[in-house]
């Protein structure tokens, strides 16, 4: 985009300062018509007049040439509340926000998906940063003052009276703020992304995010939602329905790129401060051309700082500040658990985008940090795919580096097989033939004892996990594994049918982008057979997993399976029906100065009406073979048992627990006590006739 | 009794299933002979290699019976073990096949089994019989396999000297040979050292020592205190192949495979510990015990 | 099982895990399905590579590092122990410490020192309170390296051989050629023989109707367990202390499996003693046989399989 015209620039400066064209004409001693000609781009002033204009407007010398202007300070900002509809219509919540069962992982997923869709076309990753900050005291006070909380508080109070879900959330949010004196902020930054470009009201990224609902701008082919439904999750994550934005643009608007700021409050219909209000409100610079409506402003660094939205460096991208952030699902309710939920959500959806072949940068870098009043409490964690998804990351990296195999020989080998996808032609393409695309299926043995072993995850060009499926009917005895399916352009931009498959699968995704299935869009856009094509693809990927896992060599001569199962010699059979004989349940002991064991044993007994007669035995463990016995020097019954003349213990009838202690006879030790493991057992006393 | 023409040309294999069929009471009592023809049917001869030639083995066994006739037959063990081992050259995989030992006991030299193991006739037991396990049994009981395994586990590389020492004490077979502690060469040689020193000469002390080491083995890994050399499979192979040209002397000790031996240093690493274990062991029976 | 044990020094316990990440036969890697982490088993029998000499197993051992560092242990080392009772062979391999705190190394299995099934475990060894070489921890479960198995899915089961009982290559079966099956409980490996000349037997077992197939299998299994148990009883000896010793190999396994059901109110050790003393006293009679039948019936899953068969038959008759 070219530098802004002088006329547009001048017009805006006059509006900002509330100065009329006539006033300027008088002050710099030209005719009103001359100023009008400048503003309407019919003419440009001479150099000496330009210097005068700069001085009258209070700008530094050279500002006109560079089209610079000072950022708007906080004092100039205000709120615009949309009045209620004249027809009496009332909206009690944002429809888009209800479309999702939202929680923090959904937010992380939607926000990051948008960031990746808006990634600039270069080799740099898009960097996504999540900052949780709980503020209080002076910091909170200053923040609320900067965003003119007093102007919106009555509206929020009024809206919170509504007896519905939104009203209750708002009421909770207000109660939390007032009772604790703390406010939790969640700021989501992206860098190396497009930023909110475009005009304030007309089509463009800015308007799509801040002014419109349910609009999806599909920019690139691979774009998922591009601020479609997903943006609603930002507002759904705020207990006050309040999000502030600061964007650094990749393409100048009004000749500027840094600190384009704006705020939007998403309330339901309410009655307050002497009027009826539709609900939404926007925080920005008044736009005299549109009555009381506010528009984005170019902030100065001080304002960005006060609104806690100062961005790092000049890399383009957007920062969303969610005010009164919470987990809509209610699962994570403090800073620490929210931190964890974000890390987990980012890792499970985007681990693949964070994997790069060696020597290269990934598509995405993501981090999460938590602060209290600006002080770091959980240090910034850059999400490492190898930590969160070690097996899957290993599999993908092997593919990216061309190290996959068709037959594994080590446990570290990654197996690659293909899964065919038939892409029918678009209806608009007429009688075009179907295209076959070979999706890539990667399988790796999972040695990490994961929470959910043996699953299949699927993705396309963005490498966001679209599907996470279990694999039913696995061959018996298969070790835990992880499978990754890459389809469309994830296989490679130039792979056969990649482009077609990419578009086809995108069309097969529901708004949540978490499945490939028959969608309305799919049957509308594609020729017959689209639905069955998706169905076949889903079945084929599971079949290929099973096939790849099947043992390569057929079992030979093992006899009938129904018989081998009954002739297992391994392991000892666990006795049915619980404890049937007394056992030593716990022992403690020490060796005294003479080398004798002093032991105390607890015995667990099964329910039985008769008394048990058993001999306690002290044995020394061995490397192999029989365990030599030692004699007792002393045996003391402690509870629920008594000592017989023969040195056995008679356990009381009906007792379930008993205890005894004893001291070993050192002279009977097969080896010094400190050299071996000792074991205490109970032996059945044979009632022999002899 | 001599070998005569009844000695087969090659050694063979005889399954336990077939062997037990012929171990009838009269056979165990020595009053009836093995049915040789029937046995031959059940046996599978080994490959035609000089190490499996039956003649020299039979002659060796005859020599043992001749040398120790009229003495205590247990004394034949120390003489026969190293020589049998040097003659039947094989690896442990082959030696673990018990059918080989069944063949020796039932087909090649049942007379030796009876000679070596027959209890004395007593008033209570006028016609004593040999324990079946001396014919067909675990490796540490069977008449021939126990000798071969004792030689294998007590030799120090090519040196059969320690085997003679070990086999002079029947507890080496009854106790030591069956314990896993003996898989460790340095442990075996350290026990030999204690036996040579005279501290552990009789059966009871050796039994006590073995038990003490075995118990201490529940907490100590002797293999780490004195690591064994890696097994030299090639050297062992060469020794096996050398069977064609080797000749086993009756008077001089033969040479075993040079497949890895432990040094005095290894033994010294364990010796103080074993002395201490022995000192604290419970050795039952103070008076010198009979060896069997 | 070890709640009745006392250690004379602090130990970490059997808390290590071991993985076998790669197996090579004479340098050539085996496919991954020859090693199963789940079954803790490595299969070394490969039909195309019969003459191999050395198997090289790459192992990795993990121990809970924080517990290990917090404990009073010095000079901690980790060794892998490969042993087989049949060949009286043991190989101890010292593993090296990896940067991530695990231990790794290659265990060599020389074919000429092993026959059937070797046991592979790992132990942590340390100096404790001045005593060197103490074992302070071990793997929870050891691995089995089976030289005769061709797949790591094969459990350790009794061998089943389908053969014509009239085949002269099996003279010991020739006398039983009219029998449907035979159990050979002698030797190092017990075998169940199924008679292929018995009309329809193997077909029923392989592909017959499920209920019938399972019911027949249960019958055969019950016979097999009975024969195995009786053979194992005779192989049980008394130690010099007058305690019975667990028989080795499959005979011990059979005892361990059946005794808890034969003498439910006795510990396995007491059960074994009871069994041997009854044998010595010549009391192997009725009561023991009933108890054995009960144990075998359970082991062979007879109630479930016979029940299923009866139900299936009733359904068929009703329809």
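When the chains are written out, they are named A, B and C in that same order, and each has its own residue count from 1.
By our rule, contacts are C-beta pairs under 8 Å (C-beta built on N, C-alpha and C of every residue); 3 or more make two chains touch, one makes a residue touch a chain.
Composition by chain, UniProt nomenclature: A = HTH cro/C1-type domain-containing protein.
Quick caveat, the model's predicted, so the values are computed rather than measured.
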Chain whose Cα centroid lies at the greatest distance from that of subunit A: B
Middle chain, criterion being Cα centroid separation: C
Highest-count interface - the chain pair sharing the most C-beta contacts: A-C
For subunit A paired with subunit B, centre-to-centre distance based on mean C-alpha positions, whole Å: 69
Centre-to-centre distance between subunit C and subunit B (centres being mean Cα positions), rounded to whole Å: 28
Separation of subunit A from subunit C, taking each centre as the mean of its C-alpha atoms, in whole Å: 46
For subunit B, residues that touch 2 or more chains besides their own: 180, 219-220
Multi-partner residues of subunit A (each touching 2 or more other chains): 621, 625, 628, 675-677
Shared-contact residues (touching 2 or more other chains) in subunit C: 7-9, 131
Interfacial residue positions of subunit B with respect to subunit C in the complex: 15-18, 20, 41-42, 91-99, 138-139, 149, 152-153, 180, 182-184, 219-225, 227-228, 231, 233, 236-237
Of all residues in subunit B, those that touch subunit A in their complex: 178-181, 208, 211-220, 276-277, 280-282
Complex interface listing, subunit C residues touching subunit B: 7-9, 53-54, 77, 79, 81, 83, 85-92, 94, 110-115, 123, 125, 131-135, 171-172, 184, 186-188, 248
Touching residues (chain side subunit C, partner subunit A) in the complex: 3-9, 19-22, 29-33, 35-39, 46-47, 58, 131, 150-162, 192, 194, 202, 205-206, 213-214, 217-218, 220-221, 224-225, 239, 241, 243, 245, 250, 253-254, 256-258, 260-261, 264-270, 273-274, 277, 298-301
For the subunit A and subunit B complex, residues of the former touching the latter: 595, 620-625, 627-628, 630, 667-672, 675-677
